[in-house]
Each structure stands twice: as C-alpha cells, then as structure tokens.
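To start, the structure under review is shown below, and the notes come after it.
For clarity, chains are labelled A, B, C and D in written order, and residue numbers in each chain start from 1.
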C-alpha cells in the first residue's frame, strides 16, 4: 500500500482498455478531469501504456493509472512495461491482475511491493470474496471486485448484488485502510446509484461509456449519479 | 511486409529494452537522430511503449519502433499494447518475437499481417538459420538474426560468425526484398566493422551502449564504424 | 524429422483432447488399434499425458502421440512434460503447436530438434499456408494443417477447401518427405471422402467422434471411408 | 480443502520434478512407500504426469500427487492436464502454484475448488508470509512454504529460518485445519532435524535426494530423522 496515496469516497474508475487510444482517449480524459472538479470526485483513468504520459500531462486531478506493469528490474525485458518507466510518465498508480491480464500470486505480490517502493498506488482485481481476501493480504491501496461473469454485461440486476457488503466487511476486517471498488456490468447512471446504495464507496465503467453514442454524456450522468447518491445516503 | 517502408543499408538498431526510459531514453534518441543525419544511416530505436510518442515527436529521421504489440482487435485487452495505439504514437514499426518476448507462430503471423494493414514496418527476431527461414515465410520487412546465446555477451569473436552469409543467402532466396539485421553481442565499433565485413548490411546494439560510461560516445563510434566500413567494402 | 518414423498414406489422427480420459480413452484406443489392422491404415492417437503409458501398452499398431511436450532439459520443471518421460511411456511421437497449446517459434524449433534426438516423431500444427511453409522450415515429420476457424465446426463444405492442394504442393517443394495431414471440422465419413478426393493423404477428427452417440461406429465409418476413397482414387 | 483427506504430522514431500521419470521414478516411489510403513510417516510423492498411474498402482500408502493440473472443463484442451484425468490415475492430490509453474490467483482459486469437488487434495506453494496468508484464504489442504531463493540451494542455515513459526501461526489463525509444509533447500537429515525443531510439522526434498549418489539412502536418512526428531520434540 502506497502510503502517500489519498483517494476519497465516492470515487470512480474509467477503463479505456483497448477501445480508446490516442486522441479519443485524451479527449475523454480531459472531460473526466473536468468532472473531477465539477462533482468533487476522484476518478481513476487507465489508458493504454502508450498514452499515459500525454494524458497525465493534460489533466490535473484525474488519477492516471497504467493498465499493467511487469515486475522486472531495470535491465533486460523487451516488450515489458517497466515500473519505473510508468512512474516517469506522471502516472499515479497501476491496475493489476485484471481478468484480461492475470498475474501469478507471486508476481502480484512483487508488483505491489515494487509499486509501494517507487511511488505508485495499486488497484488490484479480485473475482470473488475468496480472491478479495487473498488480495487484501498483499495490501494494495484498492481492491477492485469484479465477478468476471458480469464484466461487460448489459448491467441490470445490480441491486441484487448482495456480495458488495460481504466483501466490504471482509476487507475491512483484514485492513480498514484498503479501499474497495465494485465494478463489472455497470451500464447506466441507475446502476451507479444501485451500487452506492448497496454500500459501495466506489464503482467504475468501461464498455457502457466507450461504446455509448455520446461517451461524455454517459460518463457525466454516471459521475453525477455517484455524487448525488453518495450525498443522499452517507 | 509493409510496402511503404524504406530503409537503406547500412542501418542499425538501438534497443533501450528496460535499461533506459523517460528522459534518458529521450536524450539518447535525440543524439541517435543527429547521427542519422551526420552519417546518413537509418537507425531503428525501440523504446519502452510509454516513451514512444515522446520520442517520435522529438526526432525527425530516427525510425521509432515499439518493442512489441499484441495482435488483438480494438475492444477488450487490459494491459495489452494495441497495434492502432502504437501507430497513433507516430511509431514507424514494431519489433516482434524477441528472445525476451516470444510469440507463438500464429500470433506472429497475425501481428505481421496486422502491421502491414495499419502501416507499421516489422522487425522480427530469429535465433538461427531454421527460424530465420521460417520467419521469412511470414514476410516481415526485416529479419533480426540473433543467436540467443550471444545476446548481451561481451562480444568478441564476431569475425568467426560464418552464419551471417548463410542466413543472408537463405533469406534472399525466399524473398530478396526482406532485409536482414545481424545482432547479438555487438560490444564495440570493432565488432560493428567485423559484422559489416562478414557481409551484414545492418547490425545493432543494446547493452554495450546503454551500459557504457558514455553511451553517446559509444553509439557514435559504432555508427561511424558502420558508415566507414560499409563505404570501404561495398 | 525423426528418420526412423514410417507412416503410410492414407493415415488418420484421432485426438481425445480433454474429452476422453482413463477407461474411455483406453477403450476407444483399443478399437482404433483394431481398425488399423482391419483397414490397413495408420492411426495417430493423442491421449492426455496421464494415459500415454496405459494406451501404448494396450495397443500394437496404433501410433500413440503425446498432446504436447516441454522442451526442457532433465532437471527442474515442475508441472512440465519432459520429452524423455514421454518417450519412456512407449509413445511414438508428439503433437506440437496445436491452436489450444501454441508454442513460440523458438520453442517449437527446439522441441522438434529434441524429438528427433530422443526418437519421437513430430506432428506440428499450422493455421494456413504461410504457417505451413514456416513450420516446414523446421522439418517436422508431419504438418497438421488446421484453419482454426474450422476446428470443431460442424463440418460441411469440405469439398470447397481448395487450400488443400496449395499447401500440399508448397510443402512438397520445401521437402517432399514431410507428410501433410488436413484436419479441422471433419464431421462424417462423407467429409473424410471429400478430403481425400481433394488431394489429402491424411485427415483426422476429434469432436465428431468423441461426441457421437456411438464413437466406435463413427470412427469405424471414417476409417473405412478413408481406405475406400484412397483405393478408389490413387 | 478436500474434506476426506487425512495426513498426519510429521509428513514429507518428495518431488521428482523433471529429474526422475519412468523406471527410476517408480523405483524411488516403491522405496518411499516402504518408508511410509517403516517409520509410520505420510509421504507425498509428485511424479511427472505420465507416471502417475503406474506409481499409484505400485504403491499402497504413498500419497501420489500430480505436479500441476489445468482447471479446464472436460472438452477442448490439447496439451492440458485435465483434473478428472488426474483423479482417474489413482492420484490422491495435486501440487499447485510451484515457483516453476505459477498460476494466476483466479486459476489457483478455481483449481482448488475443482480439486475439492472431484476428490483431490491440494498442496499449494507460497513464497513468503504474505503469499502464505493469501493462499490460506483459498483454503487448500496444505500450504507449501518455499522461499524461492532457497529452492535447490545447498541447504545449511536451516536453523536460522525464523519465518517457520511466524507462518505456522499466521495460517493457524486463518484456519487451523490447513497444514503447513516448510521446504526449500533441505539438503540432509540434519536439515530435516533443524526444520522440525524450528516448529515445522512437515518438510520435503527434491534435489538432495534425486541427485544423491544413493537416492534411497539419502531419502531413508531424511525420513528416519523426521520421525526421530518429531518423537523427541512433540
């Protein structure tokens, strides 16, 4: 856990994955940055590695995170993403162990230790309660709980996700300073509201934003819903 | 093979691997770019993915190549390097199948086809004669022949590498428009001279440059040797 | 290419994959062995690694091949399949680079060299013409041409696969002693006939046999069709 | 955690890795089986997948475990090790996540759940305290604690491994029914004694047995030391 990293609930993660890159990823990031100020929420934004520096330079409050890094030492490693090289782009953190980029338990542990040492916050994916507890033992800054069966789903039924409180409580018992973000299948502002009402302090979205007819509008509605529901319920 | 890609012998590849990143990688790139003009040689430079855009923007003649790309479609793919995202940085090509980042035969074939389609030149590694011939069947722009046992070696004994002509001739028989770069264990300007005298039209270096007390001087001596030996022997 | 390996057209491959194991894989192998004699055809059978020894011991003419092997030296390697350990089971060869178990070009080259050295024949998968030519450069005993889009397909349309002769001719130009097996989507005896009429000297089947209501009958019909069509057309 | 699995301290693990296979692996297993009776200790033996059935059939009390399995469903999966196929060999369990065969956290969780469901005990590797606690969250039967830097080491200094009690206590707090085996760098009977005196209830050895001039003698001395030290200290 990076000690210097501060993020305040409610917060949000937007993941361009390999949907957006270059100018389109930059444009969306600039709008997201504006929303951070407008609604006073922290937003984590995870662009393609090649876009990290450009987006970090063009935004102020947005928390730019890498999608992955390889826990190799400085030296050999063609085709890798060196942690120090990520840090030097101005990125504030790194996403690790996403369902689309699994890491072994040992690599994950070492990557978190390395991130702590060089000054990157860690957002680590877990599929379910057992994995969330296992990940918490490695002390990341944030656990990202995403049941893989729900990733990219059409959303709906968010209000029945009773695992949200169970995971929150389990993580809090292990270390209350670890934050928990509940993602997967968030398709609308209504889903964001449902997630916050369920007890989540953070959520996020990829496909329903990047594939929307108007991504900025979709994103804006979600961030607005996040802030309003949080204020109404906490 | 990207049709629009033009590179003229003698040429050179400098691979920062995960040794150099950020400012140091940029500084070396700018010096390399200057050497392209000074000695009228093409230099391929393969920085970390996060540094591609910055280096492409700061150089004119340097051929900036990615170290790897993942042959995925636009869409999912957290932690991947999307080909289109590489292209959008201003990179001119991509290194594929390095000993530190092997690709399956199928992925390699698809990556070359994708690079051709979106406008990236391909520099594809092969360990020996059999692999060089196999790679040539996939029609890259350049085959990079590097016996893995010699990568990062102290150099020396370059003059005894009689495989250089054998590989050149085998590739020429398959497709004379495929260029061949002979690397691995090039430790000095003297090694560059030996390689060109052996019949290579291109060579390259990583560790002996990035780990030299004065990398710019080491690089400059090699590029000068490349040009002089080429002019003296061809 | 293992020099001592002899296989005569027409031949066939049956791949239990991870569908069949233990007693069911043994039972089917024993029936396949009987068909080898009955129709005088060579059949390659590729069971799970754990079943190799049992099946090799219970059959006489069946060519038992491993589904994969790891090209590691004797020593470390937990979870690997050591080539020497495969050989010691009585297996006659090894399947390499299947779409479900890709290998890097370098690993594939080394695995073929190792198989040659310890006495295992090699059956190496290729997706298309370019890959088939690349694989042929590594000199396996047999190239298994399987367009991945057709693997496990319902069959049908086999008669329109005009790539069969193209690949056969390309391989023959590289090395006429390399055999070529054309698989993928062979769903019935009729598909076997179509494949042989197209010019194939060998074909194979997995799902249409292992998922048939009566696998032995399905297999028998295919082997009978193989022999009859071969005799009628060659 | 497989409920039906019973193992009693002190116990031991012998890992032939890819050092031993076929007849030599069988011979050592038969001797190990004899030692189980002679010293009334449980011994886990992890041969190459191809040797599982033969060794399970030739031994009585020896706990034969696979070195790995792939958590795939019955169906596709060439080159995989299907869990059901492992079970059908007579194996009693499976080693997972060894430093030589890492698994992603998600694959590891699913493999443990699958092993529980089909009746295989699980022995899961962890590098250090943090990983051991993470693995314990997934509820395996046994955690195998092996600092990778010590694997294959010449042994020595075992008595200074103060992490042994720390890990034991941490696991016991999570679930006292999880057993803990402390391995890595056990080079002699003296090392076995030191490990048991440190508080371990189980240890194991690979290289110092398989590479000994007389493996059976080396193994016998270790098992004798295990039993005697246990009886003298518990």
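Assume a residue touches a chain if its C-beta (ideal position, glycine included) is under 8 Å from a C-beta of that chain, and two chains touch if they have at least 3 such contacts.
Since we're looking at a predicted model, the values are computed, not measured.
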| item | value |
| --- | --- |
| Partner chains that chain B and chain C have in common | none |
| Same-interface partner of B-C, chosen from the options C-D, A-B or A-D, over half of the pairs matching | A-D |
| Centroid spacing, where centroids are CA-atom means, of chain B and chain D in whole angstrom | 45 |
| Distance between chain centroids, defined by C-alpha means - chain C, chain D (Å) | 35 |
| Two or more partner chains touched - positions in chain B | 99 |
| Contact footprint of chain A on chain B as seen in their complex | 15, 17-19, 21-23, 46, 48-54, 66-68, 72-82, 84-86, 88-89, 95, 98-101, 152 |
| Contact footprint of chain C on chain B as seen in their complex | 97, 99, 102-109, 126-128, 130-131, 133-135, 137-139, 148 |
